[in-house]
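Heads up, the next two complexes both have chain A, just with different partners, chain B and then chain C.
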Partner chain A sequence: MRVVVVGAGPAGMAAARTAADAGADVTLVDSEPEAGGQYLRGRARFSHDGVTHLKNTEAWMVENQTLHLRGHPPLTFDSLVIATGAYDRPLPFPGWDGPGVITAGAAQALAKQGVTLAERVIVSGSGPFLLPVATALQDLGATIVGVYEASSPTKWLREARAIAANRHKIAELASYRRVLPHLETRTAVIAKHGSRVTVAKLDGQWRPTSHRTEHADLVCVGYGFLPRTDLVPEAARTNDFLDVDERQRTSVPNVYAAGEVTGIGGADLSEAEGVVAGAAAAGRQPPPRALKAIRNGRLFAAALDRAHAVQPGWQTWLNDDTTVCRCEEVRRKDLGRATTMRELKLTSRVAMGRCQGRICARNAADLTGVPFDGQRRVIAIPIPLGELAELPEEQQ
Partner chain B sequence: MHPDVVVMGAGIIGAACAQALHRRGLTVLVVDRHGPASGTSAAGEGNVLVSDKEPGPELELARASRRLWPALAEDAEWEEKGGLVVATTENAVAPLQKFAAFQRAAGIDACEISAEDALHHEPHLNPEITAAVHYLQDAQLNPVKATRTLLRGIPFRQAEVSTTDGRSVTTTRETISCGAVVNATGPWARNFGVNVLPRRGVVLVTTPIPGRIRHKVYDADYVGAVASGDADLQTSGVVESTQAGTVLIGSSRQRKGFDDTIESRVLKALAQRAIAMFPMLSTVPVMRAYGGFRPYAPDHLPIIGEDPRTPGLWHATGHEGAGVGLAPATGHLLADLLTGATPITDPEPFRVDRPEVMV
Partner chain C sequence: MKVTFNGLHKEVAHVAELLPGRFFCGIGVCFGCVAEINGVPEVRACRHQLRDGDVITTQDRQP
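Here is the complex of A and B:
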C-alpha cells in the first residue's frame, strides 16, 4: 500500500505516522526544509519509521494515481492525503497595498524565524489567530499598539455547546494574557497612510461608526482563512473548503483530506483528522478516540466560523481607487459588472497575476456579487516551461 | 415579452448574431445558462486569423469578418499585431511556401520573409527556423470584452434552454414565444439537432514578460493539425502575448467528449513546442493552464442557416477554433438570410442540410 501525504503540518504528520504504523509505505511531501507546517514551522523534528520525508519539494498536480512534483520524479500512490492547510485572507482598505501592511500569517511565519519586523505593530482581523500572532511579535520586542477584532465577542455567548466540548481551547487564551489588554473588539484598521493608521469602531455588519488615528509601522491583517485546495481542483467543496466523509475521504477516488483544507478548527482537530485520514488511507478502521476528537473539534470549528464570519460592511472601507488586486493593480472601480468569475477576470484582470488570485479573488467576488468559484487552479504553483517540457514520459 | 428572435448562447457567435439582428431593427433576447462568454469564447486566445485558412468558403467568411471587426472591437483590446508562421524543419519549408502562394493568389497578404527578417520581427525566435511567412492581416482581441461590446443594449436572460420548436424556447423557468430562434450554443449545439462535437484545447499562460513576443507566432504544422479530424491528441506550437504581457501557449486538439481534466502529457507537449520556437521561454513560469471545447463540425465548416426540419430554428455554430475570427460575418450572414437581404458571402457551403451535419 503506497500512501502519499502532501503537507507536513499537524494533520500531515499525523496522517503519515498513522498510515506507516498501519504498515503502509508512506511518503510525506512538504515544501519546507523542516516539518511542522505554519503551526509548528520547522520545530516538529519529524522522523518516523516507514515514512520517507521529501523536504523542500513542491507538489503541483495530481493526475489519476500520480502526484507530480517539482525537481523530483512523480510519485504513484494507492491513497493520497491532502493536508496542505490554509492561508490567511486579507481584506483591502485604502493603503493596504503600500509598505508596512502584511498578512497576519506572514507576520507569524517571520516571527517564528526570529525576524524582528518593526517597532510599533497593529494586528487587525477576525478570529483567535490574532492573539498568537500578536504574542509572537511582542516576544520579538515589538510594541503592540492594538489587537483589533472586527467581530463582536457576544457572538460566542450563543455557542455554549461548542465551548463545553472544547474547554481546553478556552484555557489556551491564558497563554496570550500579555496581549489581551490590547484587544479591542468590533474594531478594525480601515486605512493606512504612512504611519498614520485609521482605526474604526464597527457595527455588527462591520460598517464604521466612528474612527480615530493611531501610529504604527506595521499592520498585520487576517480575516479568516482560505484553504489550499489546488491539487484537487475538481473535488466537491463547501464555501471552498473540501467536503469529506467520516473517514476524511474527498469526492475524488483514493484522495483523502485532513486539517485546515477541510475547515478551520485548530491544530488538535487537524491532528485528529490526520489520524483518521492516515488510517483510512492505509485501509484500516480509524481509532474511535480520533473520531470523537473530530466531532468535538468540528463543533468548535463551526462556532468559530459563525462567530468570526466576515461581514459585508468591510466593502464600505474601500473607495473607488482602492487597490483590490495587487499583482495586476486592479482598483475597485475597474471591476465592473460580471456574471461569472471568468468574465470578471478577463474584463478587469483581477486575480490574473502571479499570486494566482489567492489574495484577491475572494474579495473581488464579494465586491461584485459574482459567485466565488473556489479558485480551480490546474497548476498549483507557477512552474517554468522548461520543467514542464522535461516531464518524464508516461509510465505504462 | 415576445421578441422577434431568441438567441440561445451568449458566446462570441451568439453575441454577433444578436448584434446583427438588433441592427436590422429586430427585437432580440439572448439567453445563456451562465453568462456572456462563459464557455468556449473565454477559453481561447481571441484570434482573428486569415493565415491558417486555405482558400475556400471559410477564408471568405474570415476575410468578411476581418473587415467588420475593427469597427466593432474598439473597446476590446483590438490589436493588428500580424501573424508569423515559421517552419522549423527542412521538410516543412516547401509546404509552407506552397500554402502561402495559394493564399496570395486568393488575395491574402502573405509575405515570405527570410529567417533574418523573421528574427528582426521577433528577436527571441529560435534562429534555427527554416522559413517564415508574415501575415499582416492577423489580429487579436479580448474575446470577453468583445462579446460584451456586441451585446450592449440587447436584453439578456440567464436561463438554461431545455427545448425549442423554432417558434418558442422553453427554459427551466418559462416558455418564451418568438418569431425565430438562433442556436449559437457552440459545442453544446448537438442538443438542438446538429452534429457538432467538442474538440478539447488547452492553453498555458505564463507570468508577464511584456514586449518580448510581438506577433502571433506559430509552427507551420498548425494548419495541418487544424484540418485534421483525428480524435487523438495533436499539438502544435502557437505562441503570442496579451496586452497584459502574459504569453499564451497552445495549441492542442483532442476529441474526448466534455472531459475537462488536464493531462500532463498535453502540458509537456505544449511546453516543448513553445520552447522549440522561443528557447528563452524555458525559464519563464507558467501561472495557469485552462482548457475549453471547440465546436467541431466533422467537415470543418461552420453551420449557418435555417434548419429545414424545424422552420424558425436557425443554427450558427461549428466554428471550431475560429469562432472569434468568424463571428461578425457569421452574424451578418445569418441576419441577411433571416431578413431576406443579399448575403454578405455565399451561404451554400454553410447550409444545415449537409450529410455530415444533420443528426
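Here is the complex of A and C:
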C-alpha cells in the first residue's frame, strides 16, 4: 500500500505516522526545509519508521494515481492525503498594498524566525489567531498599538456545547492574557497612509460608525483563512474548504484530506483528522478516540466560524482607487459588471497574476456579487515553461 | 546578513526588510516577493534562507 501525504504540518505528520504504523509505504512531501507546517514552523523534529520525508519539495499536480513534484520524479500512490493547510485571508483597504502591511500569518512566520520588522505594530482582523500573533510580536519587544477584532467574540462564549467539549481551548486563550488589554472588538484598520492608520469602530455588519487615527509602522491583517486546495481542483467543497466524510475521504477517489484544508479548528483537530485520514488511507479502521476528538473539535470550529464570519460591511472600506488585485494592480473601479468569475478575470485581469487569485479572487467575487466557484487551477504552482519542457516523456 | 540588493550593499536580518510592500503573506502564497536570487529567477524570497553574500534583484516594477 503506497500512501503519499502532502504537507508536513500537524495533520500531515499524524497522517504519515498513522499510515506507516498500519504497514503502508509512506512518502511525506513538504515544501519547507523542516516539518512542522506553519504552526510548528521548523520546531517539529519529524522522523518515523516507514516514512520517507521529502523536504523542500513542491507538489504541482495530481493526475490519476500520480503526484507530480518539482525537482523530483513523480510519485505513484494507492491513497493520497491532502494536508496542505490554509493561509490568511486579507481584506483590502486604502493603503493595504503599500509598505507596512503584511498578513498576520506573515508576522507569525517572521516572529518564529525572531524578526518583527517594526517598532509600533497593529494586528487587525477576525478570529482567535490574532492573539498569538500579537503575543509573539510583543515577546520580541514590539509595542502593540492595538489588537482589533472586527467581530464580537463574546458570541461564541455563549455556545455552551462547543465550550464544554473543548475546555483546553479556553485555557489556551488564557496564555494570551498579556495582549488582552490591547484588544478592541468591533474595530478594524480601514486605511493606512504612511504611519497614519485609520481605525474604525464597526457595526454588526462591519460598516464603520466612527473612526480615529493611530500611528503604527506595521499593520498585520487576517480575516480568517483560505484553504490550499489547488491539488484537487475537482473535489467537492463548501465555502472553498474540502468536503470530507467520516473517514476524511474527499469526493475524489483515493484522495483524503486532513487539517485546515477541511476547515479551521486548530492544531489538535488537524492532528486528529490526520490520524483518521492516515488510518483510512492505509485501509484500516480509524481509532475511535481520534473520531471523538474530531467531533468535539468541529463543534468548536463551527462556533468560531459563526462568530468570526466576514461581514459584508468591509466593502465600504474601499474607495474606487483601492487596489483589489495586488499582482495585476486592479482597482475596485476596474472590476466592471461581470456575471461569472471567468468573465470577471478576463475583463478586469483580477486574479490573473502570479498569485492566480489566491489573495484576491474571493474578495473580488464578494465585491462584484459574482458567484465564487472555489479556487480551481490546473497547476498548483506557477512553473517556468522551461522546467515543464524538461519533464521526461510519458512512458507508453 | 550582508547582501547586494538591486546593486546596492545592504545589511539586514531578514529578506522581508528589503521588500516593503511586496513581502506580504510570508508563506509562499502571494508571490509578491518574487525576485532573482543568486542568478535564479522567479524565487519567492520569503522561502529563501538569507545568507551573507546573497545577490537579490527585483525583476519588474519597483514598489
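Going forward, the second predicted complex is superposed on the first by the 391 of 396 C-alpha atoms of A that agree within 3 Å, B and C clash if a C-alpha of one lies under 4 Å from a C-alpha of the other, contacts with A are read in each partner's own complex, and residues count from 1 in each chain.
Definition applied: contacts are C-beta pairs under 8 Å (C-beta built on N, C-alpha and C of every residue); 3 or more make two chains touch, one makes a residue touch a chain.
The model shown is predicted, which means the values in this text are computed figures rather than measured ones.
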First, second, both or neither for A:228, with chain B first and chain C second: second
Contacts of A:328 with chain B and chain C, given as first, second, both or neither: first
First, second, both or neither for A:33, with chain B first and chain C second: second
First, second, both or neither for A:309, with chain B first and chain C second: neither
Contacts of A:347 with chain B and chain C, given as first, second, both or neither: first
Partner chain(s) touched by A:358 [first = chain B, second = chain C, both, neither]: second
First, second, both or neither for A:140, with chain B first and chain C second: neither
First, second, both or neither for A:291, with chain B first and chain C second: neither
Residues of chain A that lie at the interface with chain B and also at the interface with chain C: 353-354, 382, 384
Complex contact set, residues of chain A against chain B: 61, 63, 66, 68, 234, 328, 338-340, 342-343, 346-347, 349, 352-354, 356, 377-379, 382-386, 388-391, 394
Footprint of chain A on chain B - complex, ascending: 34-38, 42, 142-145, 148, 158, 204, 206-208, 244, 246, 249, 261-265, 267-268, 270-272, 274-275, 281-291
Residue ranges of chain C in contact with chain A within the complex: 13-14, 16-17, 20-21, 23-32, 34, 41-42, 46-47, 49, 63
Contact set on chain A toward chain C in their complex: 31, 33, 38, 87-88, 90, 97-103, 105-110, 113-115, 117, 228, 326-327, 353-355, 358-359, 382, 384
